[in-house]
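Shared between the two complexes below is chain A, which has chain B as its partner in the first and chain C in the second.
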Partner chain A sequence: MTNPLLRRIGLALAAPVLAAVFALVISALVLELSGSDSIDTFRTIGSNGLKLETFVDTLNRATPLFLAGVAAAIGFRMNLFNIGVEGQYILAGFAAAVVGAELNAYALPGFVHTAAIIGTAMLVGAAWAGLSGLLKVTRGINEVISTIMLNFIATGGIVAALLPKVITDPTAANQGTDEIAERAWLPELNGLLEIVTREIGKGRRLTGVFLIAVIVGVIYHVVVNRTVFGYDLRSSGMNPFAAFAGGVPPKKMVFLAMVLSGLVAGLVGMPEILSENHAYDQGFIQGLGFGGIAIALLGRNSALGMTFAALLFGFLDSSSAVLQVQASASAEIVKIMQATFLLAAVVAYEFVSRIRQRDEVARASVATDVAVDSAAIGGASA
Partner chain B sequence: MAPAIELIGITKRFPGVIANDNINLTVEEGEVHAICGENGAGKSTLMKILYGMQPADEGVMKVFGEEVTFGSPNDAIDRGIGMVHQHLMLADQMSVIENVILGSEPTKGGGIIDFDAAKAHLAEVGSAYGLTVDPDDMIDTLEIGERQRVEIIKVLYRGAKVLILDEPTAVLVPQEVEELFNNLRELKADGATIIFIDHKLQEVLEISDSITVIRRGKTIATVKASDVTAGDLAELMVGEELPSPATGDSTVTTDVALEVNGLTVLDDDERAVVDDVSLKVHRGEILGIAGIEGNGQSELINAIVGTWSANSGNVRMAGKDITTASVRDRREAGLGYVPQDRHREGLLLDAPLWENAALGHQTGAPYSKGFWIDRASSRDHTGTIRSEFDVRSPNVDVSARALSGGNQQKLIIGREMTAHPDVLIAAHPTRGIDVGAQADVWNQIRAARAEGLATLLISADLDELIGLSDTIVVMYHGKLVATLDPSEIDPRTLGSYMTGAALSDASATDPGPSELSGDPS
Partner chain C sequence: MTWLTNLPAWARWAGAAALGMLLLTIVQSVSGTELLTEEGTAQAMVRWSIPILLAGLGGLYSERAGIVNIGLEGMMILGTWFGAWGALNWGPWGGLLAGLVGGALGGLLHAIATVSFGVDQIISGVAINILAPGLTRYLSERVFSGEAGGSVSQSPRVDGFDSFTVPGLADGLGTIRDQDIFWISDMAGFARGLVAEMSFFTLFGLLMVPLSGWLLWKTKVGLRLRICGENPIAGESLGVNIYGHKYLGVIISGALSGLAGAFIVLELAGLYRGGQTTGRGFIGLAALVFGNWRAIGVLAGSLLFSYPFGLSLVDFNAESSGEATRAVLLVIAIALVGVAVWAFRANKRNDVILAGLIAAIALIWYLSTDTAASWLPNTMPYALVLIVLFFASQRLRGPRTAGLPYRKGET
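Let's look at the complex of A and B:
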């Protein structure tokens, strides 16, 4: 590839393509070793993916993953490893569900009720993450340690201790907070898809949080790439010393990045609270915080990249159920595919970025030589 | 007998700069040979070549008469060359013996480390060279001087006959230096050859037999220590036929642009690293601060820029007290800053040039409008910097990392100068850049001075200091100890002020540095 443009496009595509191939090969190996038919399994995943209902499932699953990805990415941009998205969204979801149920008793317009729930979730997420930020800024405690600790405190401590206190019906099979009044539920977005497709069946409903995720994605992209604040955040993440000398206070940025990360993390549980269960119960979805870290890594912290990453992971997740039924393969194969894909992608990105860096240095030194030559010629003729 | 080390015509080029230019060096067996030169003269590049860390572009290396080429430090170690780095490379939480054998652990059956054999060998080496250490001490319980001794023993343990010591005294207090010298004399008596890199002239004269002076990548002279004085060495080091950075007519006004009063900065150990410093820089003036590195210059500029807070005293810009202002407020008020370490404090290496140009100026035109980064105008302006300051790069979108050091520095100078600051803090503005680019930077600073820029210049290049400055103050142990007129001083005298040597007699003849330390302006 001598054409520099072609080479650049090739390099940009190389990483994800290589990663995908690698992930498929490894998954096929695992499938064959565990006695399943790999071709059959991939075919099942493929044909399932063509169904409209799968598409809705994928979007529903991708929505919270994407939000968790953005939350993690805000930290990554600042060189902060917010492992605590998990605890932040669970605590935020719990608080939002409690507040939402409490507000049932008041005569509120639906949108105020909804806004109060979302606001609570964001504030609690921000406060919980801000605590780690504060510990880091004032006491120098590594955010990885503090967020992991705070995850345990949030899920095993606070939520476990408070959940029994808010249960009003001790006989229910799945105990949790009271159901939030219907006026606060977010509308489903099936209509949006049905403009271009047939009617969505099988009880699938596209969550209203999908729109929130789209808005968050756009805001994230614009703030990080186009604003002075985003510039401060990125420069501080790249080189805190240089950023400080350039007027960006490192401690303030650490704290702000944690708070903003938590603010978005608070939204991760909203599909459960506002679209699916309308309550926090013992079956509240877990693990999305860690999924979000994977999304941020795979999507390289860019809004577009994380969109693709969330859609991919969402699609694979939604395939796991059908696998057991139709291809007699273990549902866990999906986890293996996700993990190998992530691992391969991270390695491939690093590989490609090294090639890029070498190219750049080569081009820069060519520029230097040309300038030197022309200066020499200019000097000779003068 | 063949010399221990012979380097013939060693040349090493980096993009835009020649670090070593036809270097010749002969080190006899059993001598202490010092390599002297200013920062950036090419000493460390030469040692990296000799130790196999970098290949030379041209030239021949001979070790004990045999021609060699090194692909890695391991090759150098195999030939009996060992290096003690300036920054000690020891694992604090391990014992002396564990550190010494790290990387070449003797084992007995099944990969188990044979500590007894290691200790026996260590004791052998120790007694052969007269160096004692307790192999079971933990590194973090040792003083710096003792840790350095561990580093030396570590090198000897591996069979080194030739030791390279890279500025070994930089981290030591005077008593420890004395002890190190005793150890070195002992080593020499036992047949070791020592290459000693330093720029503290008194120390060099005290310990070495021969001295080779390197300036701007070239070997200037090799002399016997017994034949020269510190003054001769200083002259050799800084040279006198260099392109002169002379400032021309004075443009100094009476408006005070930057004023520092009784500033004291404490380090983490509560020691005053900047001690009651007062100075004034007027519009159109360049105030040079001379001093050997580590005498408080960095802390002083950090306190002025605002990245480190002052413990007492105040800083004023154009009469306004900025002692507690944020860095951003100071930058927006017209404070330009060329940091001493461009990679650490000056650049975002992985960001494109235009984002680097915006750094420190991102809150205003041409880089932003209100909340928004103005990409088009940022790139446009960076293009202007690129052509006006001759930053050689294919475009403004390559990462700063891709540029050579000189071009990176020109980008930083360009970004600060095009922001038209009222006060410029320039720390080593021409460090590591080639002679042509250096003259460009001097011209830029001079032109801005003519337009009223007040500059605080810190430089290890004494020619640069004397040539550019309107006034020079000397910083020694955190205090300003002398104010000098650059038109009446040569590098040699200035050097003796910097080492503290001239202070005792100067106070008798000069207006008196002790009273100057209060207010040198």
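Let's look at the complex of A and C:
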């Protein structure tokens, strides 16, 4: 590969492709070692992937993962590790469900009701994340520790303490908040998809939050890459001292990045609240915050990369359900695949970035050699 | 007060513990509960502190070698599964060893990623935390679900270690306890809980504290390991094998976390269950920070953080369930008033206001309730971590280059 452009493109693709191959090999090994047929398992996953219903399911699962990924990525861009997306979205989802149920009693237009729910979620998420930011800025407490602690305080403390107080029917099978009135539900987007496809069966409904995720993705991309604020954010992440010298207040940036991260984190639970359960109950989906961190790492914090990563993980999650039904192999193999892929990918990224650096050094030294040579020739001729 | 700072660390912590006991005794007499310094409370506290302690010590080795290990939780999860599997096949010692090996494998993975490949340490740790539950779930589905009492998320029951009582000491402390002398008898009773009916695994965990302190601060290996965390480039110039010692630190870290997992399975739960670590690896990390990256400090942190939980175990089984846990609120309030006074003398106005504010909240909470809710003890350790870090974070100092990437030959 002598062509530098080809080499650059090759390097960019090499990492994820290598990681994917590695993950497939490892999972095949695990499957074979534990007595399952790996080819058969992969075929099941593959043939399932071609179905339209799987596609809808994948989009539904990818939507909250992508949002959680963006939330984590906003922090990562600044070298801030918001491990607390988990607690932020669960607390936000709970608060939004409570507010949503309370508003049932008032005569409101549907969109106001919806907006109030989404607004509550975003504000609560932002406040909870902002608390970590504040602790870091005022007291220098590492955000990794504080967000982890706040995760536990949010889920084991606040939600556990308040949930029993809002349950109106203590005999219900799944204890939770009251269902939100239908006017506030987000419309399903099946119609949108069916413009280009056949009718979607099996009762699959594409969540309306999908559109919100697309909008968030676009805003994220534009703000980070095309605005002064995004530039400040990235530069303080890369070199806080240089950014400070350039007039970017580091403390303010830390706090803002945490708040924005929490703002997006608040949206992660919205598919549950606005499209699926319309309530917060004990079965409220957990683990999306950590999934989002994986998405941000895989997608290298870029909107496009995270889109692919979320779709991939969403698809794998969806396959896990199929494997469960068909019982040809443990559905848990999917989790192993995801985690190996993630580990392999971060190693491969690091590897590729080192090759890039070496290229850069080589290019620079060639350039200086040329400059020195021509200077020497110039000196000789004079 | 130079004599105070000249005391050895264990003596200072012992003094702090005695003062803490005095506070507990006073609160106890005010709020009419007897559980705060009860023998059973001490016993539960120690038992539940061991996983936190082992994970915290694990973090100590790793961070002293310059590698931040967020993956403690994941390695602990590996320890739970391997511990149960080993115990099912070869009894408790097999479980202990298998848990150790399982955790060490997780540590090896972290070391390969961070030391050899230079992956960001937090990222690798997060990845391990995602990998471990998936892997153990897969393994249980394959191994445990075929057996009686086992399933995809649970192993059959396993046996734990035998327990023993330190002879003489326990009787002596029992005698002092029965004398009913204010503070002294409470301390004796509490201490008796620490030496009576102790499991061998608990003893094993506690012995890791002096062992780690000795290994890290009194041996050559320890010195070399610590230079990896303070100034690897200087170490390199002296011919220290930095990569090798970093590997060593992170693998020991994983092994100790694995032991923590095995302890949960063998001593606390009696079986493997998915999600049973409940974030103890992270509390271990917090105990490490609280203990200022010292072995004895980690012990103090893990005892402090497991106290509310140990108390709640005794408290919520007792008749007046929740009363003693409520009394802890008063303890916190008084301790924070102490912090406020100290901050006032040090002329830190903001600290005085904040400590006073939190103390007031705790006091009002105490006064306005009769019993504590059952969720409170589960949350207290985490809140405690934040409060401690809030007032003390600027006095704590970790290894200088922990978390930073290091490549041989680069400055």
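Assume the second predicted complex is superposed on the first by the 373 of 382 C-alpha atoms of A that agree within 3 Å, B and C clash if a C-alpha of one lies under 4 Å from a C-alpha of the other, contacts with A are read in each partner's own complex, and residues count from 1 in each chain.
Note that a contact is a pair of C-beta atoms (placed from the backbone, for glycine too) under 8 Å apart; a residue touches a chain by one contact, two chains touch by 3 or more.
The structure presented is a predicted model; accordingly, all values stated were derived computationally and were not measured.
By the touch criterion stated above, A:Ser34 is placed in contact with chain C alone, chain B being left untouched. Contacts of A:Phe111 after superposition on the shared chain: neither chain B nor chain C is touched. Comparing chain B with chain C, the partner in contact with more residues of chain A is C. In the superposed model, A:Phe244 makes contact with chain B only, not with chain C. In the overlay built on the shared chain, the residue A:Thr227 is in contact with chain B alone; chain C does not reach it. In the superposed model, A:Gly156 lies in contact with chain C only, and not with chain B.
Of the two partner chains, chain C is the only one touched by A:Thr340; chain B is not.
The touching residues of chain B, counted against chain A in their complex, run 15-16, 305, 307, 326-332, 337, 339, 344-351, 355, 358-363, 368, 371-373, 375, 390, 392-394, 398-399, 401-404, 407. Only residues 30, 34-35, 81, 83, 135, 139-142, 144-146, 148-153, 156-157, 160-161, 290-291, 293-294, 297, 330, 332-336, 338-340, 342-343, 346-347, 350-351, 354 of chain A touch chain C when the two sit together in their complex. Those residues of chain A that touch chain B in the shared complex are 225-232, 234-235, 238-239, 241-249, 357, 360-361, 363-368, 371-372. The touching residues of chain C, counted against chain A in their complex, run 70, 109, 113, 117-120, 122-124, 126-131, 133-135, 137-138, 141-142, 152, 279, 282, 285-286, 289, 373, 375-376, 378-379, 382-383, 385-386, 389-390, 393-394.
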